[in-house]
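Got some structures for you, see below.
Each of the two complexes below includes subunit A, the first together with subunit B, the second together with subunit C.
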Partner chain A sequence: MSGALSPPARWTPPGVFVALALTLAIGWLVVTVDGGRLFSLPTTVSLLHVAAGLGLVAVGQTVVVVGGSLDLSVAYTVSLSTLVAAEAMAGDDGALLPAIGLTLAVSATIGLVNGLLVTLARINPFIATVGVGLLLKGYLDNGYDGPTGKTAPALVQGLGYQRVGPVPLAFLLLLAVAAAAWFVLARTRFGHHLIAVGGDPEVARLSGVRTSRVLVTAHVLCALCAGLAGVYLASRLGAGAPRVGTEGLYDLESIAAVVLGGTALAGGRGGVVGTVGGVLLLASIDAVFNQLEVDVFFKQVIRGVIIIAAVAVYARRAMRKAS
Partner chain B sequence: MRIARPPRLPGFRSGGLAPIVVILAVLLVLLSARQPDFFSPPSLMSFLGRSAPIVLLAAGQYFVIVSGELDLSVGSLVTAQVVVAARLIDGDPSAGWPVVVLLLAFGVAVGLVNGLVTTWLRVPSFITTLGMFLILVGAVYLWSDGAPKGGLSEEFRLLGRSAFEDVPALGRIPYALLVLLAAAALALVLTRSDFGRTLVAVGGNPRTAELSGVRVGRAKTMAFVLSGLAATLAAVLIGGYSGVSFQAGAGLEFGAITAAVLGGVALGGGRGSVVGAMLGALTLETLFTLMNFYGVSGALEPAVQGAIILFAVAAASFRVPSR
Partner chain C sequence: MSGLLPSPLLALRGIGKSFLGVRVLDGVDLQVRPGEVHAVVGENGAGKSTLMKVVSGVHQPDEGTVEFAGAQRTFRSPREAQQAGIGIVHQELTLLPERTVAENVWLGREPLRRGLVDRGAMLDRAAGLLASIGEGSLPPDTRVGRLGVAQQQVVEIVKALALDARLLIMDEPTAALADHEVDQLYTLVRRLQEHGMGVLYVSHRLKEVFDLSSRITVLKDGRAVTTLDTADTSADRLVRHMVGRELSSYYPDRAQPQELGPVRLTVRGAGNRKLRGIDLRLRAGEVLGVGGLQGSGRSALARALFGAAPFGTGQVAVDGAPVRLRSPRAAMRVGIAYVSEDRKGEGIVAEQSVLDNALLAVRAVRAVPPVRVSRGARTARVRELLAAVELRAAREDQEIRFLSGGNQQKVVLARWLALAPRILLFDEPTRGIDVGARSAIHDLVRRLARDGAAVLMVSSELPELLGMSDRIIVMRDGRIAGELSAGATEEEVVALAVGTAREAAG
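And now, the complex of A and B:
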């Protein structure tokens, strides 16, 4: 299982795209037999919207996971970002850019704190980011009961609902962010250092990589992506929503998407391309179930089974390649 | 997740109990300053009884963590057990014990599945138990159409809410405390047994353990089964104490993991003690009680909790002298 990033020799598409194609084919068949249409305009658009929100978070998550860390505070960062964006805009188009700037600054700060806790204070990333998540949860629970603020109309019309053919602007934003992240991981010095740190922090350090600086940067990038996802969700909802991140299970789902995309949780292996595939896979499953009007709870059961099964298949392939 | 693991120094005995005992003592002093009554036997006894479930979960989590894995499914397992028990008992007093036996079997089965998927199929336990979490929550909602059905009988609730009354010197001894003491004794015996030592070896270095003839998969699976059993006991106590709810186990997995880490159990495996994990859980409960007495608003509770966890874990890791 040489992920998209194992430099630079030959690029093999991650298996997640095979799974995606299979899911879409089988899904299309089942939905058609059921008398529905999977690839109608509304379903396609809503599939891509679901993918855009989760995708932005998951691309950021990929960066930290490749570095051997992880971020469980993203769901709260997303919620907070929708609030910061919507409150700073207060329905005024003129405040659009400053508000987005402020949102990204706030989320970058959260990432910085995460990064410093993991590197400087040497707290295990799981505990560090759960702790920061609790801090944010306390702030959100204490200060907000429901939707607050008003997103600038221009942003709602643009990022929220504008599309090019069937493709929403937000999905194009995801592709752009993913492409940038791919470039950073695969072609820059920072990217190579990050992969080295994820592979073996001690070896990386002895080879002269400033491991702390690299990891802090990765955490800031991850939080920035979550902040962008917040801006996008604010544009969809028209206001800031204090629970949107946790209700969307963005923390766990983003990690699931990363792992489905073939990135190793232990770090050092994987890439953004697979993650986008993982996100599309999760979104497609969602779309198929919606078309079949499957019970939401049943959907969750199936989702759990699919995540485990997919990762089991990867593990099997990896073992066969190794032997 | 390897980054934050402090370097192992020869001769330095890590996983010691000193930090957690100090933290617990400080919290208890603060508590008695505010509420001198706290140390009167009746209030102390009921505090210990109330803490029993999270202490049990922390002990179960210890076995999984020390073997190098993680169990994110315990919270959802507690919820599932409580809801299933309510539906099966449905107020019928004679159904109590058979249902408890059934729940124990269910807990063992969930642990077995977690363990086998993690070891045989080589799915990282983070993903296995995350998938199990989604499956259990989905299944339990699906089975009860979105609202808990039936009710627990008084007999079933006895363990969680009743006590031996009129005990000399102590006042009352909650049954929950006795369950806890029995389970704690069993856990201690287990950690001192061959199995306990094997588990630590497996978590410290699975390859070495395997080469020395340890059946790594079997040991880890046993650890997951123990965690499932602990969750079942916790569910019986929680159901008895606070009744049926879909929120019965929400967030307990993070509570249990945090407790273990607070108690000096290293995420990644191989270091820590079950006593530390249980003291960590007691510390968390003391913290909640303290916040209650100091009148921290319920909404701010997570923020204070997060701050203290970060502080405590950072403080605990700073005792390792840096090179």
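And now, the complex of A and C:
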């Protein structure tokens, strides 16, 4: 027949964690030689905060990418969410929960629109979500010049600054969201169907999967994660910020983290565990460069090189597997 | 209908369907009884696939009614047809290579426990189904991408079984199977039949149709020409219904000794990961058949000669000059062409036009001798070639995916002919191609040999292998197990392939 079977494929930790360990080791060495401290409390806390913000967006991004789609409107969804949250709270702790609910509802609506454009209107996800992003950008640019609203103090103290040892509450929130996303992908029908749609939409359809419904749900989940990231950023900034999403490059960075984590950009393979690794990797590089006070532009160049190298490694591996 | 017969499981009445104004199905009546294997035959383009898609809910008929299990039904989606109990094994494998066997089998209806996917049950029940059809050795937690085509086919069937289907549609189920695997499929189909399942069996292979079916419906140009009781029918009669032509004219004449030219290709002691100690000589004007079981190295040989999965050791010479076939491009430069067994994946660029597909090779290798011509002349030449391969009923700006398999293959051939190759490698040249177009491809292959090309043709179909080849080598476990001359029998080939015959000396 087709020759001996190798033992069934087991889950192997994505290479991104090896890269993360290496980055931290080398980074630590270089920073130490430079006379700094990479693992000091302030550095660690700030690293984890960076990871929390990007991570929330990237986990959501993973969900759509696994389904063979993509969301380039997340940066604007993040910005809008900070504003909705901060304005609805208006500094009042009593308005905290309704405001969060409203923020999530707004972001879910954005996801719904994205999902419907991609499925019902059959618009390429790249175009559809960039379009929705530009729409949001128009609204934000027109309506806001700078920080607006006031985040509820309880949220600032809690999600914004509360820590357990060196670990910010926000990072724990990320871990919880990532765990939930992992669970959804691995253990629910929706997750199985989503991976199938990403692998081959026609196969999924012929197997009786409601492909459109699955993809719309994925887009809603992705936007919800971006909304959550917005709530978190509002808690850090104390107000809504109309450009925080785009300035943080949450759209491209979240996709970079997903890809670094080993998720196939074409969909059908990957998961949130790798993405969290990718997020930590990007945040660590950030922290090292900050410690070394590296020029901002040079930093971007290095990040670009790392992402390209990582994807090249995955591509090689995929080719070896295929042959 | 006689009252003694069981009421039909499936009854199609006056089914009509048009696409973009083209009538694909026209007033088709067809009935399947419980426990019946009902074969549907016809040339490509006769409407078989469309009819199956109507039954399985992929397409909705424009006219006519579908009655299933005694009730009139309108299936608006594959899901509805599945839930009603209609399973389908598709012609092209519809599995996700990145997912496990169990995940593929249960896709769309994963077993749940407390609202969550019950992985244990998924694995256990998949293992149970596999065992029930004698494939218990296939672990259900294997990634499907790691399986061979035949095993993937098994998964495909198990996937349909998992539905508790009462009617199973099998669309060309043996297209990718080697002969001994076909026997396993027979056993399986008969077992399903005993359980009272109705089977709609679509196949180009008449032998299977006669072996398995109780009745045969012939489709031609979207109409059901006739339904015959298999027992009262001969293959000749069936083919006449299908194409209006006798069976005997199947294969073109073989090469006469004086038609054989010098040795074009010599391989000595060559090997790679899948092949060992390959020695062979291929002469101009000859068709060398390559037989063997799936995974025996027959495809690997063609791929090695084309540089797609190159030899690591040994020597290869073309027209006496040593060559290194390290890439397809290198092989093309010395005049080697290759027609892949995987037409959809490796043969065509589905979304490009017929003309673009035909021009692909010639555009890639601009100045391969002896074709050294201007761009316009090149296009004109390809147009001639498309005419030469008798490409019917297709505009050259049409996307190739809308063509039938046979016409796609003709375009692929034209692509290679544009390079005026000296050596042609065919891997399953007529896989998934209907009887009529099949003869056309066979004629083309022979014509190319007659014009002086050396042809190596891999085929898993024994009649084709025996009918076409001037000489046959049989592969086993990555080696050439033996060589047979033109008059060989099916038994001799099989004996070499499975290793019951003594290997030829040397």
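Note that the second predicted complex is superposed on the first by the 314 of 323 C-alpha atoms of A that agree within 3 Å, B and C clash if a C-alpha of one lies under 4 Å from a C-alpha of the other, contacts with A are read in each partner's own complex, and residues count from 1 in each chain.
One rule holds in what follows: a contact is a pair of C-beta atoms (placed from the backbone, for glycine too) under 8 Å apart; a residue touches a chain by one contact, two chains touch by 3 or more.
Please read these numbers as outputs of a predicted model, since none were measured by experiment.
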More subunit A residues in contact [subunit B versus subunit C]: B
Which superposed partner A:Ala95 touches (first subunit B, second subunit C, both, neither): neither
Contacts of A:Ile255 with subunit B and subunit C, given as first, second, both or neither: first
Which superposed partner A:Val132 touches (first subunit B, second subunit C, both, neither): first
Partner chain(s) touched by A:Val294 [first = subunit B, second = subunit C, both, neither]: neither
Partner chain(s) touched by A:Gly68 [first = subunit B, second = subunit C, both, neither]: first
First (subunit B), second (subunit C), both or neither touched by A:Ser207: second
Contacting residues of subunit B [partner subunit A, same complex]: 1-6, 70, 117, 121-124, 126-128, 130-135, 137-139, 141-142, 146, 254, 257-258, 261, 267-268, 297-307, 309-310, 313-314, 317-318
Subunit A residues within the subunit C interface of the complex: 1-3, 5-6, 8-9, 186-189, 191-193, 195-196, 199-200, 202-210, 268-269, 321, 323
Residue ranges of subunit A touching subunit B (in the complex, touch as defined): 68-70, 117-119, 121-128, 130-139, 141-142, 197, 201, 211, 215, 252, 255-256, 259, 265-267, 295, 297-305, 307-308, 311-312, 315-316, 319
Residues of subunit C that touch subunit A when the two form their complex: 58, 77-79, 82-83, 88, 90, 94-100, 103, 106-110, 112, 115-117, 119, 139, 141-143, 145-151, 159, 181, 293-295, 309
